[in-house]
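Residue numbering begins at 1 within each chain, and the chains themselves are lettered A, B, C and D in the order written.
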Amino acid sequence: MAEQVAWIGTGNMGFPIAENLLKNGWDLSVTNRSIERAEPLVHFGAKIAPSVGEAVSGRGIAATLLSDDEAVRTVAEGPGGVIENLPPGGIHISFSTLSPGFVEQLARRHAEKGQILVAAPVFGLPDRAKAATLTIVTAGPARVLDRLEPLFRAIGSEVFRVGDEPWKANWVKILGNFTLGGILETLAETLALSRRVDLSPALMVEILDTALYRSPVIRNYGTLMAEEAFEPAGFRMRLGLKDINLVATAAAKLDIPLPLADLVRNGFMSGLHRGYENLDWSALSKVRAEDAGVESHD
Amino acid sequence: MAEQVAWIGTGNMGFPIAENLLKNGWDLSVTNRSIERAEPLVHFGAKIAPSVGEAVSGRGIAATLLSDDEAVRTVAEGPGGVIENLPPGGIHISFSTLSPGFVEQLARRHAEKGQILVAAPVFGLPDRAKAATLTIVTAGPARVLDRLEPLFRAIGSEVFRVGDEPWKANWVKILGNFTLGGILETLAETLALSRRVDLSPALMVEILDTALYRSPVIRNYGTLMAEEAFEPAGFRMRLGLKDINLVATAAAKLDIPLPLADLVRNGFMSGLHRGYENLDWSALSKVRAEDAGVESHD
Amino acid sequence: MAEQVAWIGTGNMGFPIAENLLKNGWDLSVTNRSIERAEPLVHFGAKIAPSVGEAVSGRGIAATLLSDDEAVRTVAEGPGGVIENLPPGGIHISFSTLSPGFVEQLARRHAEKGQILVAAPVFGLPDRAKAATLTIVTAGPARVLDRLEPLFRAIGSEVFRVGDEPWKANWVKILGNFTLGGILETLAETLALSRRVDLSPALMVEILDTALYRSPVIRNYGTLMAEEAFEPAGFRMRLGLKDINLVATAAAKLDIPLPLADLVRNGFMSGLHRGYENLDWSALSKVRAEDAGVESHD
Amino acid sequence: MAEQVAWIGTGNMGFPIAENLLKNGWDLSVTNRSIERAEPLVHFGAKIAPSVGEAVSGRGIAATLLSDDEAVRTVAEGPGGVIENLPPGGIHISFSTLSPGFVEQLARRHAEKGQILVAAPVFGLPDRAKAATLTIVTAGPARVLDRLEPLFRAIGSEVFRVGDEPWKANWVKILGNFTLGGILETLAETLALSRRVDLSPALMVEILDTALYRSPVIRNYGTLMAEEAFEPAGFRMRLGLKDINLVATAAAKLDIPLPLADLVRNGFMSGLHRGYENLDWSALSKVRAEDAGVESHD
């Protein structure tokens, strides 16, 4: 039987995931900083709670999907927070993209109260959240992951387990995002040069995908760049920079050089100063094309 | 009816391609610097010629698949070369990976003799050459490409045309190789960090491919890195460096910055000095792992 | 007349500076985490205090020279700290190399108690501290800087003022350290290549200094590299990395790309993993020479 | 007694050097591609020759100071060139900034005719050429350098010898230029960040020079950047890029990574595409300031 869960965070990703859980029979109390963004979930059976405390109170599982470390810290710690309101033995499922160091601290705080933190960051943009075809990377005690398996299966098509320590799932997530940054850089430089020598970027992308990659993600980003289709943004450059900063900062703490991450984030930073903050992060190709003296559509 | 072609170059790639042409009924005279490497083609009907001049003489099409600009220059120019021996109206199909600047010069030399240069560099390692599933990127006059279409179809599964100017096909090829370098760098840094935080590199590759890329090429290189299966080399690091140098040099001539190419080639150079010259170029992951202080199998 | 000052921190830099103040007639109460390192100052008239609280209590000025943000935070905040023990109107002179963001916070904490933070980071290694020839970069309210001028003049040969906001002095300091990193990188790559083409590194340094720079600092670092005189370290690579990380992190918070800082810190990180942590930071030249395949003395 | 010398090349550097030689009693025949730029030297006793052949004919020493490899190749090789017209035992003094690889070839060509190539590239801008205070880096057979010593002393204040092989002097020269690029990058990033945090760039330069470098070159370039005094250019960005390309290309041939050279040349390339081609190369600071989102005067 489906469990009683408090769901905190109904943004672009949180909303459709919660909707899928509700449709699959989960009993959710839902809250969100802007409560009006949670309210439509009433139609699918959600109980709307005015605060984190009220959402969590009386439930054994709390799930958070928020924008960053600070947002999760605010919701988890302090009076009225998740930690205060979960019972001993309670479970906090953290779906957010967070820094591994913060997740390690958070796990300790939960452990001090006899609670369990499970990290379950997801790969996929809102369309995959809606379609319940996310890839979910989970980490935590095996018996807890066993118990949560039906929940993960209700929202994603693949569920991976990467160990007992929750922060490892967050490493996978931020490394995955880093690889996307690397792909974007690769395509951006390639297409800048293609344009410069008067090779059609669209044809170039088609050849690369046919000859080498056969990857929907690579074809998709290549096409966005070839068509300069940066609005509306699937994922804004400002957020892309945030994600690359996460991995760069976490790597630096371990004295690990990531020169490609440096390169990508310098590109995004420069893009921000050119006013591309709210363009899709594939607009990195605009930055590289401009640095190459290739005319862009602006 | 299939045409009479002189085939020059029977290395890892040239041999299986010539074999496929012979099996499909082409009449080939074949030569190679080390002539003994050409001789087994006799079994498939090839005429072995002791020199470039004798191979080309009396034929309207010459095809070259050699290691670099210098090798093609030697075979094409000077006494006894392709240019001297092709008739007016003759066609030189250049399958090699060459610098666009050299191809531009070569095209001019042919044009001065009323000959036509077609560039047709291929994507694919020897296994795809054997299977006749190469991707061939062609450039040259449309009517000549029409005439050669059956030849290309006999050796590849996809044939692209990228314009009249032959060097454009070479741009596509070296840019394609550059993208592979970018992918290798991305994976190498990712897996160095994975190892450092005790995340299984094999699992990391599986998750990336499942969650994001679904690309055989990416999965394959990731697996080589995860397993440190760098010998026997599919493509040696020394050759990888040669290819990245090609694109870096060509871009520099156009004042185009390619910071990712710089990064990758610096990694390869450093790898050479560590003795990885003859490892697969995916051993870039060893370089990055060592720079990250992560133990390798050596 | 010289003022009563609490001096906290008697490391390589703090000890000789405190000694110079005592010799110039300042009345110092001195404390240090390892109190035995403070005790020799008794010979110059210092009062040794067993704790920060006792050192500061009853005095209007506290000076700190500690290793990093955390050390200063520990000494400044919390029970028994500088903030608690300074009177309203009291002055905290921070000589340490700190992150501008932390200094901004610290200034606010002091302001809440009616106290004043002055930042006065210093340029110069212990030999210049002993000789009282440091360069001191100060920032704070002008009237307070006026009052402290005699103190600064007792320990340094140049005193700069860079504004009212104390953290600006810390920007100058970390940017200055960054420039040293840039010089080290420049020299390291230059000398790696010199060695490779069999040009004497010592001669190369002499020519560069004569023809171009005429700078004792550049000649000195070049000579350390040419002679591979990395021990004993004037400034350890681990500390060099810490300083470059300070500026890289502070710049990233402002979305400012510093690609050279990235390059230098990646070099230092790689050096750490090669075991050069306790060599002088000029051993960056070993890292670059090894990446260039040039034999080093190891 | 001063010798009979053919002087080829009367540009910004060649003219004042030739003038100094004439004033010191050398007997010069002078030629230049644009002969009218040589003619004013008649006032100092020069014989103007209409061609390289006529300038060199009958003289035992030819000196060239030209813009690049191609210009020297044109003048040295081929009919009417230096090699053809110098007698056996004749000396070619090459003052130009050239690639070491080309100088090696050129030395061989001279040796085949029993002639001697001496490389003597100079450090210093036209003002130092006029003042005869250049630094001259010489390489060639010791007895020939002995014979030429008075000539070098007439035009420079320091003369270094770096070995028998002429190309080594060219390595010193291009490495020296590379170090300037590294200094420019260091200052450019530093001042971009200074501006961003509202620290006066001029004050920053003054502090750096006082606290650390005490180097006229560093102070000079820092001041150009602080004042954005990029016109008239002392050394144009286009030429700066040419010089960094020289060292980057020569290093790549030896498989030596020079990541700082990559960074600097990418900056210059991007600067060219922003229209800064004819600004002083210190306008690299504009590129970095723009990438940092800091307003420039444009």
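As a convention for this text, a residue touches a chain if its C-beta (ideal position, glycine included) is under 8 Å from a C-beta of that chain, and two chains touch if they have at least 3 such contacts.
The model shown is predicted, which means the values in this text are computed figures rather than measured ones.
Compared on C-beta pairs in contact, B-C and C-D come out with C-D as the pair having more. The most distant chain from chain A, with centres taken as the mean of CA atoms, is D.
Centre-to-centre separation of chain B and chain C, using mean CA positions: 53 Å. Centres computed as Cα averages put chain A at a distance of 39 Å from chain C. Measuring from the averaged C-alpha position of chain C to that of chain D gives a distance of 38 Å. Listed for chain C are residues 255-257, 259, 263, 266, 269-270, 272-273, 291-293, each touching two or more other chains.
Those residues of chain B that touch chain A in the shared complex are 100, 123-124, 135, 137, 158, 160, 162-163, 168, 171-172, 175-176, 178-180, 182-183, 185-187, 189-190, 192-194, 196-200, 203-204, 206-208, 210-218, 247, 251, 254-261, 263, 288, 291-293.
On the chain A side of its complex with chain C, the touching residues are 241, 245, 248-249, 252, 255-257, 259, 262-263, 265-266, 269-270, 272-273. Residues 266, 269-270, 272-273, 290-293 of chain C touch chain B in their complex.
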